[in-house]
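Chain lettering (A, B, C, D and E) follows the sequence in which the chains are written, and residue indices restart at 1 in each chain.
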Amino acid sequence: MTASALALALILTAPLFGALAAMLMGRRGPAIALATIIATAAGTLILLVIIATEGAVHLAIGGWEAPLGIQLRADGLAGGFIATTALVMGAILAVAAKPFAGGKTERRSAYTFWPLALLLWGALNAIFLSGDLFNLYVGLELLTLVAVALVGIEGKRETLAAALRYMMFALMGSLLYLLGAALLYAAHGTLDIALLAERVGSAPGDIVAAAAITGGLAAKTALFPFHAWLPPAHSGAPAPASAMLSGLVPKASFYILLRFWFEAAPDLAGSGVLMLLGGLGAFAMVYGSLLALHQDRLKLIIAYSTVAQLGYLFFIFPLAGGESAAQPWAAGAWSGAIFHALSHAMAKASMFLCAGLIIEAIGHDRLPGMKGIVRALPMTVFAFALAAITLMGLPPSGGFTAKYLMMTASFAAGQPFWALMLILAGLLAAAYLYRPLALAFALPDEDAPAPKAVSRARQFAPLALALAAILLGILSAAPFAFIQIGRPGAAVEGLE
Amino acid sequence: MMTPETAVIPFWPQGPVWPMLVLIWPLLIGALAGVPGLREKPIRLLPLAPLPALLLALARPADATTQAPDVLLGVILTTDTLGLTLLGMTAAIWLAAGLYAIAYMKAPRKPAVFTGFWCLTLTGNLGVFLAADAVTFYVSFAAVSLAAYFLVVHDGTPKALRAARIYIALAIFGEAMLLIGFVIAIAGSDSLAIADLRATLTAPAGEGTLHPAAQGLAIALIIIGFGLKAGLMPLHLWLPLAHPAAPTPASAVLSGAIVKAGIIGLIRFLPEGAVDTGVLLMVIGLASAYIAVLLGLTQSNLKAVLAYSTVSQMGLVIAVIGAGIAASDPQALLAAGYYAMHHGFAKAALFLSVGLLAVTRGGARIALLAGIALLGASVAGLPGTGGALAKAAVKPAFDGFALMLVTASGIGTSLILLRYLVLGARVETQAPHPPALMAGPVIAMGLCALILPWILWSVFDPRPLGYLAGVGALIDGIWPILVALLIAGIALSPPLAGRIRGPAIPEGDIAAPLERGAIRLIRAVTEMEPPVPQAHEWRRVLRVIAPAEALERRLLPWRVSGLVILALIIVVALASA
Amino acid sequence: MIASIFDLTLCLVILAAAGAATLGRDAFMAVVFYIVYGILIAMAWLRLGAIDVALAEAAIGAGLTGVLLLAALARVARKAGKEPASAASVPATTIATALAALVITIGIAYAFLTLPEPQGLQGHVAENLAASGAENPVTAVLLNFRGWDTLLESIVLLAALLGIWTLAQDEAWGGRAGLRHVTRPGSVLAQFGRILPPIGLLVGVYLVWAGSKQPGGAFQGGTVLAAVWIVTIMAGLMQAPRVADRALRAALVIGPVIFLALAVAGIFAGAFLVLPPAHAGWLILAVEAVLTLSIAATLAMLVFGPPEPEEKR
Amino acid sequence: MTALLPVLILATSLIPAVATFFIAQENAGWRNALNLGGALIKLGLILYMLIAVAGGTLYEARLEFVPGLYLLLRVDALSLLFVTLSAVLWLLTTIYAIAYFGPKPNLSRFFGFFSLCVFATTGIALSGTLVTFFIFYELLTLSTWPLVVHKQDDKSIIAGRSYLFYALPASGALLVAIIWLESATGPIEFARAADLRLLDDTSLRIIFALFVAGLGVKAALVPLHGWLPSAMAAPAPVSALLHAVAVVKAGAFGFVRIIYDVFGIALVAELRVGLPLAMLASVTIIFGSLRALQQTEIKKRLAYSTVSQVSYIVLGAALAGPYAVIGGLAHLVHQGLMKITLFFCAGIFDERAGIRRIDQLNGVGARMPFTSVCFSLGALGMIGLPPLAGFVSKIYIGIGGIQSGAPWVIGVLAASTLLNAAYFLPMLYRIWFGEAQDDSRPGERPFGIIVPAVITGLASIAVGLFAGWDLSPLAWATLIVERDYLP
Amino acid sequence: MVLSASLLYGLCGAALIGLGLYGFVVHRRLIRRVLAFNVIGSGIFLLFGAAAYRDPVAGSDPVPQAMIITGIVVALSATALALALIVAHARLARSDALPEDDRSGDPDEGRP
């Protein structure tokens, strides 16, 4: 028994065990979740220590090495995502404990929420650790089905429509991904990422496979223009679900996209594709932000913000992919995008949780009703503000570190366009996040009904997430070094 | 200048302490006015304030320099002849006016404020005569200029308020001009010493010196700044407004002492050898001397008449200074100071007499009028008076036509003071007899005007006094007065008396139109709407969003989104191929 | 292997069925064509030498999916007041979609035609088959070499079930799953329902048992067992279980739980999901057995759908 | 110790900031003790450092941010000038604010963010690299917002919006400038001249312009000043903070850093960007004064006055001659003292007598003598009346202008002086000579509200009157220039 | 080039994918989309299986077969959930299509 095997086993199975247990014991959801959090967190901590001290962890499942078996790989990138997921899930589940509490008799949503949420976690961990494209497919499918179910958990007409809409994109995405994987296997006889890296060339099969995989994952990541499903889906779900859906789920497909382009098929990445992805990302940033400006419901604002923020991530392709991969700035660009992914996960989850608490307090999330909410929910509004700071990319936050790194890389790469887009997006983010914040700070209308009280302990969870996002910025050095561990391509080097 | 020497004890001056005390003492007195126990009758403190200065002037120490590097940008004070003389004169006038004020201002409004600013003004007025560095001079000058506002405004009547408003506007304008002039000079010399500043204003063009245009600008600005205070036409307009508005003791110090601050400024700062400047000053000064008389003759307010007389006299002084500069003649500058000293005492006495006229009856009144006549004659240069000496001292600076004009200016001087005498004789008496504290200062000042020039002649003029006994000098001294009497006689003769109507020129002549113009300008500025960007309106932003919203509606149906996904696959494939 | 006329014909028929299923106007006919299509595809799999896949396709792809589609169609027709007519005109998007699909098809075909020399894993599998504990290479892959996929896959099924349960109406929660018996007693189906279960049970168990050596396995077997259960309920012989039923839930999770436990036990061998060669055989069998149970239960519950309100009964 | 002290100084503001958030509203004693204690300790530490730095000691603290990029706290003479100013004014403002608010609601929030602002300002002052500067600069932006909207009414909210509307794009510009520059030169430390010549002239000019845009908002350069007047909706201690302690000063301070420590005088001259900046500052000086003249509300007029006055600092920095910088740096302190006096007094007028508009000032001199005297001192200092503080700065900047070949600057100074007089004197006139409508005597109590105003009022005389003293701001500015910026 | 069976079925799979994609995108009725989804899926599997069968000597590659079985089960799960969603949606919306795809709400094709 090795520590790394133990860690990986805990991370992979604890949420799944938890989910199965929750399925079995309907009213014990919160307690099971707590146990899961503890177990997974323990595994995560062990894994982080191992990665930090010994470098990337590699484990052949069942002892079967590639190409026959499935390889688990935990490098700095995976470790970062797993740790962030654990943190975010912990906070989300803490907040969810009340609305989805077990109660005397079993309730539908309270019953299904816990196994679904834990399955989502399990799927995420499975994806982050997997080194095999087909295994990733299964994990992705698990994630997708769970996510769709969570979107529809409210059971209202709009949420069901949103879930169905999401389902369409998700099905299409899965199929396309599967098509790509099939073609790759047909051509190269393996789906192990490390092996593929040696074998993938630019044969027509590889190109079609790459195109299909990219299209499929882009649809799942809600990259503009495939985002149409996202705002209704993320805004319709209950807040804890939204937090997972917005903060974590798109990161998984993005993560696979990263693994694919940077590790499995680095040679295939021509400047055309990279620019295309980056360009769509830039468009998404502006487009999502503009639409977020126009929303009158808090959760819709946050959801459109996700559309915009996911756009950032795709700058990694022009800045760190292709010919840039070997350049000194690639490390910065790459880390910047990862920083963004991580801090966005925390901040966005925090925001949705805040929105959930606000809805609990005032019964809805229409902006005018939020006037003066700061008096009733000071910690929540503060958490929202901190999360907003991260999303705007203002220092000192993880969002800022991300923006700084990416901007530096974009100037160094001679592509200042991306830097300007980052600035623009930051400003737009400030604009659309400002509205709810300003309303929250305003004096309440005199005839407004008094908001219901929300306990401080529950308000603390989103605050902790937002603070974590800020801390990620203040203490950037260690995470920066960490996510470089096992980074594909160029050697780890500092910024010039 | 950038690293002043360090004192052993912070703030303790190097060199003689007395000159510093001269300046600090009045400030302390002024501050005392605010102390509760003294607040009720603070006016009584006024005479105390100038005493150290007077003592210093009487002691006549040798030229010495006092430095206080920690204060301001490094204070330097010197005691030279000219400065000490004028310092003495100023102190004396302030002392006299202070004593006078005790009796004159029985129930003043806000006595503490009046006392405080009286002392502050006094400090500034004394400071200009002692200062040897530009900053100290400037600070003193600003103090005397601006604090005097409170002396002018003291009565609080609408008239006083208006006069004070115009006074302060002009004073600040003057300050600003002066500041620029100083700054240019300091920048050119990289020094704060007045002597260096003066030098740099005429230094030949070259490396490290000022551009001639800058020199010219600085000189012009300095003339404007000081000319304003000294009543140089056309910057004189505050005098006829402020003097009548102020309480009488304040008028006395304004005209007798404060105006001299401008004179000393011109003397101290204008460089010798600036021929064009000198000639220009001479022309303006002489013109002032005459025009002011004409304007003054139209006035019916006693103090306004005196004010125009001051303007006229100062014109003369400035002409002397101009001549001195043009000829690089330090003697002329000294003479200008000498002349100013005489004028200070005389004008102080005359102004103080205005208050006395209202409280004097019978024989005393006749004696008073006679005294006024004598003082007027002195100012006009009647031989034997102090004024004759003053005139004699300045005349060598001129020749030819200018000399004639200077001599003939006695006519105007006499006329305008006759006008004062006539108007003064008509003043109705309100009180039985004058308090000693009012009469005393008038007499003292008058005596100073008549006698002190005799005592100080040797200090200022190398020529023997006997020169004044010459026939030419006597004739030159008398004929203008005779001509003036003749004109007055004709004007006052029964056939003409009351028939001559001068144009109704308001006090301060050009002040009214300027004031209107200024008000209009300020109003225009105030109502001007600058194009300040106020673009943070949501509606405009929302208009930008409209196309995005339309696109969003388009993309929502799966048939479109799905198609886009297919398209992306094709595009990615093509881009990779 | 050279394509025969049969292959060509089969392909054409497959395409025709698929065309009818995707492009046809009538939804019901489309589903029927789809079921036919599924069976044809299963034949194609046989032609490609993939008997396991053929079994799976027939049982799951054609059978279960068809049942699900038919049931959904029926319920939607009952519930949806109106049916949106398909496009009467041909809008530009349709043409563009057709073009795009065509281009992609050509691209895929081209990619397929230009595939490099095959580098299959037959060799690797054969080499390690002995250590895998299964004689059927497909089972070896499914339960050993790529057991993690299979484990996740069994959980995917549960996830789908959870998703379906989520769609229940709140007041119906805890009640019996949705599918009701739809036959009169004594009808053909009812008779069928009496005969089928024992046979089905046998077939199912056999498929699992045989799976380790020959084609067949947990999924195929589970499907058959699920079908048996479904038919039994349709025939009115049994009632659908309550979703809150402990036994049902235990049955649902037992397979994945055991499998997971086995995976975790791998840490004692320094890895994850390790089947020691010495015990691999019975371990696989045991896992398959419990998995089959869970899969059968899950598949059946998938077909039953969410619980429905009691009063509607 | 040399690494610890800068961190300690930051902590003296940060710890009270964070702790205050957790203090209940009712617990005024603890809150006040915490804030005042922090301010006092900070002041003590700074005094200690002042002496040490004057003697040549260097304080540095580094923290790795991302590889190759350090957050650097470094104490040089310039930082100390700013940090001393903000520390002294922080203490006074805290005293004032405690008295001003009394038992009003939301005070923990207020004092928390207030201390956070000071923390950020201190950070700005001590920053040793551009990135560090930027981070604290942004922190300042953010922590100021809750203060601007503190009253939470519509006006405050609009003001807050306006503030961010200007500040955030500016920070974007700043960030682009920094990153563009550093992408060519590597991380820039103020103390070590980087070779900017790696970029071409045009790029450098654009970068400089971006810096101007980025810092110009806080320094309220026209046309980026719009937020400042509307921010007047905030309570008086906030105005004091915005105008004197922290915000606008941070912008002006940034200009000094950029011109002298990043670009360097030589390069600025070579690129010919100093002159346009000086002109922009001059336009601001005049424009701000004109706008001030148009205002009818006291605080708005003061705000526009700040717009005008802060540009003196920028002007001094842009002229890039020794005298001009000395003047600019000295004005940093002088303006702070004078303007905070004015705002303290304006706050007292408002809070105690409800006086907000200028026409309500009539005769208030007799009713509130102490406040009125302090207000007058501040106003006269602003006009540049000698020997008050403003005069000294003006002289130096004017001299610097001539020596830098920009003699038109003195015209600007003169015009500004006149305009300052034009908008301040009528206020003083009303205070002292206006006809009072109301003879009540609103108390100038408690002491906490008036004492800070008196102290700053007296200080604004003292720093001018004793400008030649070795420890005066002017002398310190001279030291900075002699030590760091003269070749 | 001789048309091998694997080639034939591979091309057939490609055609099925294309057919399915078209159907998936253009259909308004959700059930029809799910059906098309399954067609695409089986097309991909066929392609995959055909590719695995290219080497007649070695026989069919078992790894793709296992993957395909997994894929089929996954597709079934997705289908089941999708259909259940459609049914639930239809119950509330009384329509078998999403609101934006409903003819009545479609501005492009406003024909009665």
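Here, a residue touches a chain if its C-beta (ideal position, glycine included) is under 8 Å from a C-beta of that chain, and two chains touch if they have at least 3 such contacts.
All figures in this text were calculated on a predicted structure; none of them were measured in a lab.
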For chain A and chain E, chains touching each: B, C
Most central chain, Cα average position: D
Interface ranked first by C-beta contact pairs: C-E
Maximum centroid distance from chain C, chain identifier (CA atoms): B
Chain centre separation (chain A, chain B; CA means) in Å: 77
For chain D paired with chain E, centre-to-centre distance based on mean C-alpha positions, whole Å: 67
Rounded Å distance, chain B centre to chain C centre (Cα mean): 107
Distance between chain centroids, defined by C-alpha means - chain C, chain E (Å): 14
Contacts with two or more other chains, residues of chain B listed in rising order: 556, 558-559, 562-563, 566, 569-570, 573
Residues within chain D bordering two or more other chains: 161
Set of chain C residues in contact with two or more other chains: 93-94, 97, 100-101, 104, 107-108, 112, 115, 118, 120-121, 125, 145-146, 149, 153, 156, 159-160, 163, 167
Pairwise chain contacts, counting only pairs that touch as defined: A-B, A-C, A-D, A-E, B-C, B-D, B-E, C-E
Chain B-touching residues of chain C, taken from the complex the two chains share: 93-94, 96-97, 100-101, 103-104, 107
Touch list for chain A against partner chain D, complex: 332, 335, 372, 378, 389, 392, 394-396, 400-401, 403-405, 407-408, 411-412, 416, 419-420, 423-424, 426-427, 430, 434, 438, 441-443, 476-477, 480-481, 493-496
Complex contact set, residues of chain A against chain E: 68, 134, 137-138, 141, 144-145, 148-149, 152, 155-157, 160-161, 163-165, 167-168, 171-172, 174-175, 178-179, 182-183, 185-186
Chain C contact footprint on chain E (complex, rising order): 2-23, 25-29, 31-32, 34-36, 38-39, 42-43, 45-47, 49-56, 58-70, 72-81, 83-88, 90-91, 93-97, 101-103, 108-109, 111
Chain A-touching residues of chain B, taken from the complex the two chains share: 541-542, 544-545, 548-549, 551-552, 555-556, 558, 561-562, 564-566, 568-577
